[in-house]
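Naming follows writing order (A, B, C and D), and every chain is counted from residue 1.
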């Protein structure tokens, strides 16, 4: 029953795309591509819910040999444990809702059908990534989602900014993927297989157990980190994060689906999947990357005015959280936050989408796009591009305000999401997941007595506060106060029901309903992590608990008995105090997080609603800090500076809001190639390589000419040659 | 018999075409198409009826030809050759269709030469007699010279003669090697016994027997070099590659397709068939680092790496669409060399897969370039822009081809590259890791091209550019399907040659373990 | 050794006799034929050749395989080797006559003498192919030379032709004089004129010390001057470009094929019988000498051909280069192993057959173009592919065959040669040869380029008679096929020298 | 007189002939040079047949006689050609007859 279900889940969206593609070849198109894709998605959704019952917590391999050569076989198959199914549900659910939303949002776009076809293709790739049981399969899905994101970001490719953004996204993630591929090479060289767990002895997870206790782990740590590189690229972690904000050039539903809920979360999912092979070293690296990302992105988000960018940076920061959780060994907490975040962040994006739509997004959009089309008459001959630093008016929060009366539904739902992300206690899912992470990190720190994780806990806490601050900043600037731009305000109106309904559904999901799954320990079992350094220090029990049960509400309940009995497997007394520590940690974390969140909200209320202090004055007071945030820590300038030239960096200093690593790299390489390298090639390829040949040819020719000159035409010279020849021969061979 | 039929049907077709009156062009085209479709049919039959479970050659025919030198007309196919034969036979009709409209003058001669060329290529992949092998190898030269030289672009004469001279130079060295092999083919422990032979299977077997002159290390190393240079020019391997861009830029579309699709594969096929299978000792010398071989042990893998990186960077520097594709194929052939250098199952499988896939993909790319060129009459990448709006289908297919070529998983390009690298990593970790640069740069230049040609605002010059037509779609669709199918289910191709590969690699690995 | 005395020899001498008779008949006919329709004369000459061919076949069958007869007290020897060359030369003469009929530059006057001379020169070449005595060698050589001087200068009122003749005779006379001096020395050393006896005597006298190696070296070098000038090998080649350019095209063709072949026949027989003994070869390191000469010959020939604009002259140099290739086979004479020596000889014979077809074919096209376009320059060949597609195609075949591109016969000829050479462990020589064939591609392809890749100023197409095409196919078909048929290989294997 | 004397004389003759051929600026004198060469050869043959070969064997002298005959024939042809040259070029200086070259 499992296989057919999965097949349906995978095939429905694929079919939806295939129909579009094939008809496209015949210069036709299916009358209602939108309905087709949506229905396909809903079917997949239903099937994933059916799977919920089918699957037992322990993974169960369903593999077929994909390629077999001699001893080595590459199996393709499904690795179905509870986590997989939950991911399936999340993806299909969000995807369906986005489909529905897009019916309203994308209405009237010239490439309307194609949009849905792309969405279907994306959903397929994402689902494939989620279910495959081997690195090769994951990598395939991995690259395919990358492709879809490329296509969808560049959906309005007439805009140069969009064209650049999509290329940037693809290349940036590709850099990470190469790292991932090298990691795969290392694992393959060691284990002669790429399947994670195929039921038999020779899955990577089983084989990695064999390494327990053996000192030989450096390569494993490196491999783990390299594979994590892929996640860094896809989940926009520092330092490869800069593509995600640019990705907002794509239509808003895309941002909601790909760049908030699913694809970017794939990185987290991958890291979680590879949990068993993560050594302490790699874990620490991951934790740090995550923590830093969380903080950096949050701080940048404070000063943005483009509503979508704010959300983008918030996404980056939240992803950082998840990475941090996994790095700290809180496997469940990380994935839990992934799910909750998927819902409320999707909601936020769709909400912002509805706001933008309210400002006649599309039309405004199109005029504007044509306008700037004429401006830079396709000047993009280098890989560098002059980024449109101006924020599109319909996304600029400075044009908004007081919308809550205009569009109550949007306002209400977005408020829920905001409360959820800011971690307002108990009633909202975000609180539980975020708290689980904080507790997990703190607990980890206390168990290991490692200063690193204490620091990380601090960072996470700070980030939490900032998150609350900037999220409410967004809410206040958008929905409260007086309209700043009257005529735009007058145009604004509540979105049609196709767009509102998904908002409502997501709002409901932002309440702690998902907890039921995650708190059911029979359902979700974290995989064991084999600490190869053991017996250096204590075996660490992966943290399954997501907050203590003492806070009312039955469906949050896990009895401590269960918890204790779960650790029972390992030597009890160590497990017990591990558990005790974690319990303590969670209590501390909870209190702190509530305080911090409260502070954040309060501050932003004072700043942006009561206007007790003015943001501007603060900005001027702490201008260096402010500039730092405003310029996103000069990441791009830094890369460009390194890779292109320091002089460029100076000129761009404040004007440049964008540019990126890979644009930097490729641009660097591009310029270098065309100037130095092309000169080099021009020289090397034509002079040296080609030249040698030509030189030989010329010499041959010259020789020909010489010999001609001997042929004077005077008979007596010929006779001289004859005589000379004879004499020469005799002399030479006489000597011999 | 079937095999011989397939090889010589195009030759027959050539004769028929020559007998037709030069005025009736449509008829000539149709006849040519027919005579290229028959081999395709036969190739498919072979492909299906080929017994995948064994490594040995099948369908072999051996008829005495020149007894004086004990030369036989000996042909047969194993998994590797049947795959490439299928590729060749498939590209045949596609190229005829591709030349349907854009060959103005001398269509008769063009088609005749093309058919001759096809016979040469098919024969080459089937030949099991070293002499026959060489004759077919050279047989492709003359038609190619004329096809580029007569129907090519402005600098066609230069390109044609350059191609000819390079290849002839290479094959001359190869000829010496062949003669040397032949003369030593009956020497055991210094005593000549029995008749000399050109029979490749026999030679392979003798080269493996202890004390046989062919089994001698130094001998194998020298002969290896002879053959290698011969094939390296065809592949082309740096630094013998400079003929390729010129030839591609000048050649008409269909010929570029054949050049990239099949002729380059002749080089790598030769490397597998001769250098690896017959000369494992030589192979070992150039692919295993010991205190004896020293740096020579890196040479082959290094060449592969250089091809990858050098080709990719050159491609990045190009602004001529066709030159870009040409350099990209230099880069991609690098993966083949790298995989072969690895010499293990994964690597070699990857290499062979890459041969086939590159054949398909580069064919697509050149066809696409041709489509654009026929409309805009130039290939300057920067001269386009925003075509994505004007010709969506064309854009779609191009995107597919580009993605396949830059190794997007799920499309055929990926598996070949991935396996070559996976295999290479076990033997040459550093070079394998460095070669991944090629992947990123590959993505860079293809996406950049995609952006400059299709994205952004439409260049007003091309408001009226017509969309790709039915015939052109027809040429592209089969290749596109292959790309996707092989991406999803590569085993469909791999099972053809996996047995042969296993046998080959066990031999190579054995040699590597042994004396070196 | 058994000699046949004169009377019984005559029977075996019939081919030569027939040639002489018909030569006389041609002259007489030329006198009696009033209205100078020269075709008749030519056909009579052809008939003569036919008869002689029949005679050759008869005598050969009478001879039986692998036997040889020494005629006229050992003046000349009749064996398979001789027969092979006689047939080849006969065919070459026939081809030349057919060319001459179509050639427009040869004026109608004096046609009779012309054909008579052709028959005479053939007669001389027959002798060259079979002479086994110093005297006979000298006579044969002179007969051929004197007649060819006249033929080369046959175009009255053509300064080029006269100049060619002048250079040819001056050069030839000196060369043959030098050779005669060498021959006299050999005669003195061995005390006899009979090659076989020389072959037995020389080692003895060398061993006894009556004769120093230096003496032998000087003698051989002088003789080489004579033979080398016939086969146009460096450094005795310089006459050939000028003479080839100046002489009437049919004669150029004839010289480049027939007299080269005859030269090689003489060369092989002389060194095989007279110096076959390896001690003599070793004492003066003849092998190395010949190898160097051959390497120089092909290299210089090819290099000098590169910049040529006149197709005739270009082909002259190319034929020098081919002489060099053939010499590679001759080098093998000095190899100790009899089997390899025979392989070398066989390779030369095989190559000569192929060379016969491709080179004569090329020259025939030159004749045709000279008639139609009135030029011998490469420019004259521009756009030939459109003006005369079939002729252009044939020319392309000949040229690529000369380059040695498979599957054309030229490749197989080279193949056999190089295999033999490498078997003789002369890798370096083979390598030089192969590089040369790469170089040669360049100038052959220049003509092809002119014919196919360039377009002519005036594009009116040429018209040729049926007979022309028939004759052309006679050359094209073998150029395409010989290599592919086993029969020729085995044939060249069979023929050996005793 | 011994064999050596004859050989020395013929050698001198030969050298003189070669010298003439190489240096004379007149076709006729070149012809004379050639004649010298040929005669030196004849002298050689005669001498060898006198001193080396057994008396009853007269091959050498026969060759010498043939040599004389052929020399005569050659001279005849040579003179004919020189006439042609004179007709075409108005001169018989060999170094002026050099239109064919390169």
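In this text, contacts are C-beta pairs under 8 Å (C-beta built on N, C-alpha and C of every residue); 3 or more make two chains touch, one makes a residue touch a chain.
None of the values given here were measured: they were computed from a predicted structure.
Interface comparison, B-C versus C-D: the pair with the greater number of contacting C-beta pairs is C-D. With centres set at the average Cα position, the gap from chain B to chain D is 66 Å.
Note: centroid distance chain B to chain C, computed from Cα atoms, is 44 Å. Averaging Cα coordinates per chain places chain C and chain D 26 Å apart. The distance from the centre of chain A to the centre of chain C, with each centre set as the mean of the Cα atoms, comes to 80 Å.
For chain C, residues touching at least two other chains, in rising order: 166-167, 170, 174, 178, 241-242, 442.
The set of chain D residues that touch two or more partner chains comprises 18, 21, 94, 97-102. The residues of chain A that reach two or more other chains are 708, 711, 713, 715, 719, listed in rising order.
A complete list of chain pairs in contact reads A-B, A-C, A-D, B-C, C-D. Chain D contributes residues 10, 14, 17-18, 21, 27, 30-31, 34, 37-38, 40-41, 44-45, 47-48, 52-53, 57, 59-60, 62-63, 66-67, 70, 73-74, 77-78, 80-82, 84-85, 87-89, 94, 97-102 to its touches with chain C in the complex. Interface residues of chain A, counted against chain B in their complex, comprise 21, 24-25, 27, 65-72, 136, 139-144, 147, 150, 154, 157-158, 160, 162-164, 166-167, 170-171, 174-175, 178, 181-182, 184-186, 188-189, 373-374, 377-378, 380-381, 383, 662, 666, 669-670, 673-674, 677-678, 681, 685-686, 688-690, 693.
For chain A in complex with chain D, the residues that touch the partner chain are 708-709, 711-716, 719-720, 723. Residues 134-135, 138-139, 142, 146, 149-150, 153, 156-160, 162-167, 169-170, 173-174, 177-178, 180-181, 183-185, 187-188, 191-193, 241-242, 245-246, 308, 313 of chain C touch chain D in their complex. Against chain A, in their complex, chain B makes its touches with residues 166, 238-239, 241-242, 313-314, 316-317, 345-346, 349, 382, 385-386, 388-389, 392-393, 396, 403, 408-410, 414-415, 418, 421-422, 425-426, 429, 432-433, 436, 439-441, 443-444, 447-448, 450-452, 454-459, 467, 473, 477, 489-491, 494, 498, 501-502, 505-506.
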